[in-house]
Amino acid sequence: MENKRRGILERLNAGEVVVGDGGYVMQLERRGYVKAGHWTPEAAVEHPEAVRQLHREFLRAGANVLQTFTFYCSEDKLEISGNVTNITGAQINEAACDLAREVANEGDALVAGGVSQTPCYVTSHSETEVKAIFKKQMDDFLKKDIDFFIVEYFEHVEEAVWAVEVLKTSGKPVGATLCISPQGDMHGVPPGECAVRLVRAGADIVGINCHLDPLTCIRTVKLMKAGLENAGLKAHLMIQPLGFHTPECNHTGYLSLPEFPFALETRSMTRWDIHQYAREAYNAGIRYIGGCCGFEPYHIRAIAEEVAAERGFLPPASEKHGLWGAALEMHTKPWVRARSRRDYWENLLPASGRPKCPSMAIPADE
Amino acid sequence: MENKRRGILERLNAGEVVVGDGGYVMQLERRGYVKAGHWTPEAAVEHPEAVRQLHREFLRAGANVLQTFTFYCSEDKLEISGNVTNITGAQINEAACDLAREVANEGDALVAGGVSQTPCYVTSHSETEVKAIFKKQMDDFLKKDIDFFIVEYFEHVEEAVWAVEVLKTSGKPVGATLCISPQGDMHGVPPGECAVRLVRAGADIVGINCHLDPLTCIRTVKLMKAGLENAGLKAHLMIQPLGFHTPECNHTGYLSLPEFPFALETRSMTRWDIHQYAREAYNAGIRYIGGCCGFEPYHIRAIAEEVAAERGFLPPASEKHGLWGAALEMHTKPWVRARSRRDYWENLLPASGRPKCPSMAIPADE
Amino acid sequence: MENKRRGILERLNAGEVVVGDGGYVMQLERRGYVKAGHWTPEAAVEHPEAVRQLHREFLRAGANVLQTFTFYCSEDKLEISGNVTNITGAQINEAACDLAREVANEGDALVAGGVSQTPCYVTSHSETEVKAIFKKQMDDFLKKDIDFFIVEYFEHVEEAVWAVEVLKTSGKPVGATLCISPQGDMHGVPPGECAVRLVRAGADIVGINCHLDPLTCIRTVKLMKAGLENAGLKAHLMIQPLGFHTPECNHTGYLSLPEFPFALETRSMTRWDIHQYAREAYNAGIRYIGGCCGFEPYHIRAIAEEVAAERGFLPPASEKHGLWGAALEMHTKPWVRARSRRDYWENLLPASGRPKCPSMAIPADE
Amino acid sequence: MENKRRGILERLNAGEVVVGDGGYVMQLERRGYVKAGHWTPEAAVEHPEAVRQLHREFLRAGANVLQTFTFYCSEDKLEISGNVTNITGAQINEAACDLAREVANEGDALVAGGVSQTPCYVTSHSETEVKAIFKKQMDDFLKKDIDFFIVEYFEHVEEAVWAVEVLKTSGKPVGATLCISPQGDMHGVPPGECAVRLVRAGADIVGINCHLDPLTCIRTVKLMKAGLENAGLKAHLMIQPLGFHTPECNHTGYLSLPEFPFALETRSMTRWDIHQYAREAYNAGIRYIGGCCGFEPYHIRAIAEEVAAERGFLPPASEKHGLWGAALEMHTKPWVRARSRRDYWENLLPASGRPKCPSMAIPADE
């Protein structure tokens, strides 16, 4: 059945909006299946029902892509974490592919195999060793039925380029996202230059994920786009930012916030923040629009609802959501009924209920 | 097998801490299965896998009780909502009992049948009609295997008393929680008097749920406790507050906040707020400690971790949680490593990242 | 000439609103003439032009009373401070009387001799010694031409009662204000009981000054009023609160705030806050309405403008003030012109421009 | 006598730090002598004692320069305001010169004649007409004894250049400050280019005043400095910023804030903010360091205390100020005593006491 499904490039080439999925590790941490600080994905083997359910919620929220739950799933990272003594990375990768495929087939979604930064890059800085790790992961994925690859959460464009180079040998499309700020990657390579290097390495789609809030990530993707244009290159653009407000962050993103990772609640975006994000991403020419840490299913639904006109349909989960608060019009309290309209929610400045807390923190890297 | 399980009163009489579960409707709204504004539980029939998974997460987080997902599941409420045209309340109630029982049996949890306020009370104010509704729900539950009843989310003690009177005819234990403020119920009956009336009606456990934040709810339960003591009555105490900060709320609770129900993110409690809550609840003599709207699985885990010494064990989900941030001690960033200790998180005042937003709102009922 | 002027009781008995003056020590600290931490009034001798000018500004702003600049002017306090080695308390008291009289005679104002708490009370707790200090100050004042006395800034009603008892021997009217919270004085005497004791000691006017913000002080004066009514006593009511927002303060008032005394700027009240205060004080039956620390001349003008209808006139300084922003209607920026109306300023929630600061502090006595 | 005093350029050429004075119009508005919205200086004639006293406070706080109180004192502006029907601009200018001179002679201060933007520039845009206005003001000043000129509060560098060109014909030194943002003047001329034009027109000192907060103004002066260096030009640098926090302001500065002009209190800088400002200004190579609206005498004292080591002396007003809170060490409350040290005040994040207010506003020009 999945061979009838149109591929990622087919969709993007046709100008369609592709809605990505949300963040797995942070949401599964809150659900009890991932250890914060390590963030390894052994739940794909240990608790497949939990991963399957989250896949389903993102699908139902309108996601066109389900990423395999394989974040940080290189053998070196798994070993460091100490979380899995009797499960191999290969087992996790394969189980994760099966889960994503099973749920993707319940709808019109594609499966993307995800590969992320390795500890080995920083410790060895050996192209051979790092590429060998990526090759091993790729081989796991290729035993299963995946549609394309996403190289994501790279702080150094050099390592991301190595990953792209490896994964392109599969013959499948490759998307590549860095977790960098508008100032560039950790070696100071500016976003425009990063994009150029990724596309020259073979990436079909480039963009940004994680570390910073949506509007900041859009700024970075715009710089990537400009870099590509200046170089006369072409690629699709994608974005999967944090679902948290991080206005005061600098180079190292939300890792530098005092609230990371156990007190980020108060920075969480509302669904209305996501509407604004999705529209601005669309207006910036980005067509693959998803989320990373902090994006729960209802945030993905908000993307899908914002671009419903462009896509021509609402996601399944909208059957349980009055658009722009419409379902409140029958509420028993008159003042709640008065909130069943778009401009109320668009203009609301939500209070934190925390008068002893500031509105901006002092980042650790300041 | 469940007849070997010790009952709710057996546990409370033995002085054990009973950890409740968290909030279903608001969490399932975010997962895409409940319609905000109506908050009806048809997902028990339509998407049992979603309800089952959330039960499992609460169980894994340490809950000793799973409440049936039957909030607002009276026929009159379901009809008003318009959400279910081909499913009856009885079907939902029965499906919900089966789901809770299935998951409860995976661990050491009890199943509580939940009954909440009816629209009929406000429109008819007829004891006969309202009691007939409660009787019908009770009969649904009694077809299934539940351990006790929880009467919850009542704004008028009179209606809660009627519910208790009906449910006591089942012969099963009954807990009763009101969603009121320290000022009393909507007719101005003070919390102490409310508690007295509920216990005289037959409630075995009394307390507060929803509408206000944990520390406020503790204050109200203390007033209930004092009322009982003054009247020479005895009952167990329970509490299932909001997982949101609501310092500025008055009588009508979080319904009066401008952020209700679609922009409450920034008020969400951290796991560290919950530690403080659980300890203060325990110190106030409350032994049934759970949560309501805003309580996700990791909040329940935080209760279970705070009272781990008293209970003698950690919950299953703690295998994926370094206590007090311990798992951060191997983080690559030195400043994140420095957060792997209790006093860091206890003293943190988290920033909202929203400098254009106030820290307190003006409630609609002010 | 001053014998033609109507006395304080004559005015209050006639139901007139008496506008008090603002705070001297904190304003003269900012102008460079008072040492914070000590707050002694030697400027009356050292820099009379500075004290005279501030008197004039309060008079021009609408004050009916000028208090002598004699705060903390007992010999024991002056000695502790070490600020004056060649000036006696008597010299300061007398110079201060002359300055107040000189300016009062430029308008329709009365001169009130001010007496405040003594270090001796806490160290010796000797009625004889403390009364001797008050007697000495009274004798200084009686050499000069003052209209009545104000006993102010007492944390213990007992010491205030001693002061009233001494000053009543002068035959002049006495007003008495405590710097206490709604919880009562430092010995736990509730405000109602404090008021009763002060009136029984001979005070003609009782109320609250300093330590807490206007709306909190109004609450305390209401408790004093209720106490008097319950005891069948009568007295005029006065209030001279802080010009700072102190919502989180407890018993010890703004002394407990981390910002005291050198970072209180961000808590300063606007003129619009003062309009609200003056109206609520008036509505509470208080007829002597002034200010303490933080009240600058324009705050006093705001009181006078709010009660202009009741008094029948605007103060001189209103010639340089368009009521409710009226003078903005010719501003060059259209958006500033739009602010020349009452509802704009009444509804404005002013931003602090300090995103890394909280909106409430943790008081030192919490 | 004044011919013994060293001139402004003599001091700056010798590398001395020159401390400027603070803001007159906004402070005298609060004291009751200036009408907000118009901001004209007729008080120099109507209430000379008030202007004299404020001059004295700035002198006592350490100012080396007293600016004549002649803001907006062109005939066209005075006529528009309607504030003075029987006083001419010439009368005000001359009275203001006398007042500044009288007080300057009480210490070691210079008198600077101040000239600011004219309504005529915007309405006529005629170089001839605008220059005639400046010539008339200059002639008023030259009848009196002033030491140099300050051209200030110009939003368009073109008009400021015209003013400099006129005033240079007097033979006296001229300082020129624009009220612009780092983005440039109202016609989009960048700060570096503005500085070049002003110096080429004859300005001896260039810099920024008003409209934005200290740290923003320092950024703009740095851009001016860089512009001059690129052009191979030399000039002294000066700065007289707002005493308010304005982090969210754009091009039009604090005029765009919802709080302008009647609710700026909560943005006021503390003396400790000013220490930081003075140090950063000094480090940026700026040697004429003063303030504008919002700078009260104690803010000027804070500049003088911060640069006391560089200047070799403390200002007179420091006799009433324990450096860095030293005078608190004898306070009766132990927690206040604990504040008598530099690091306490440097690290304090002061709370606003206004939980219903945001920390940043949405500027009107956004």
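In order of appearance the chains are A, B, C and D, and numbering begins at 1 in each one.
The rule we apply is simple: a residue touches a chain if its C-beta (ideal position, glycine included) is under 8 Å from a C-beta of that chain, and two chains touch if they have at least 3 such contacts.
This is a predicted model, so every value here is computed, not measured.
Chemist: Work out which chains are contact partners of both chain A and chain D.
Modeler: Where chain A and chain D share a partner, that partner set is B, C.
Chemist: With residue numbering as the guide, point to the option in B-D, B-C or C-D that repeats A-D in over half of the contact pairs.
Modeler: B-C
Chemist: Relative to chain B, which chain has the most distant C-alpha mean position?
Modeler: For chain B, the chain whose C-alpha mean is farthest off is D.
Chemist: Count the residue numbers both chain A and chain B use at their shared interface, divide by all numbers used there, and answer same if that is over half, different if under half.
Modeler: Both copies touch with mostly the same residues.
Chemist: More C-beta contacts across A-C or across B-C?
Modeler: Looking at contacts between chains, A-C has the larger number.
Chemist: Between chain A and chain C, what is the separation of their C-alpha centroids in Å?
Modeler: About 60 Å, centre to centre.
Chemist: Where the CA atoms of chain A average out and where those of chain B average out, how many Å apart are those spots?
Modeler: Here the centre of chain B sits 32 Å away from the centre of chain A.
Chemist: For chain B and chain C, what's the span in angstrom between their mean Cα positions?
Modeler: Once rounded, the distance between the two centres reads 50 Å.
Chemist: Specify, in ascending order, the residues of chain A that touch 2 or more different other chains.
Modeler: 248, 349, 351, 355-361
Chemist: Which of the residues in chain C end up touching chain D in this complex?
Modeler: Residues of chain C touching chain D: 29-38, 49-50, 53, 56-57, 60-61, 80-81, 119, 122, 213, 244-248, 252, 255-272, 296-298, 301, 316-317, 320-322, 325, 327-333, 335-336, 339-340, 345, 348-361, 364-365.
Chemist: For a test of understanding, state which residues of chain A touch chain D in their complex under the given definition.
Modeler: 349, 351, 355-356, 358-360
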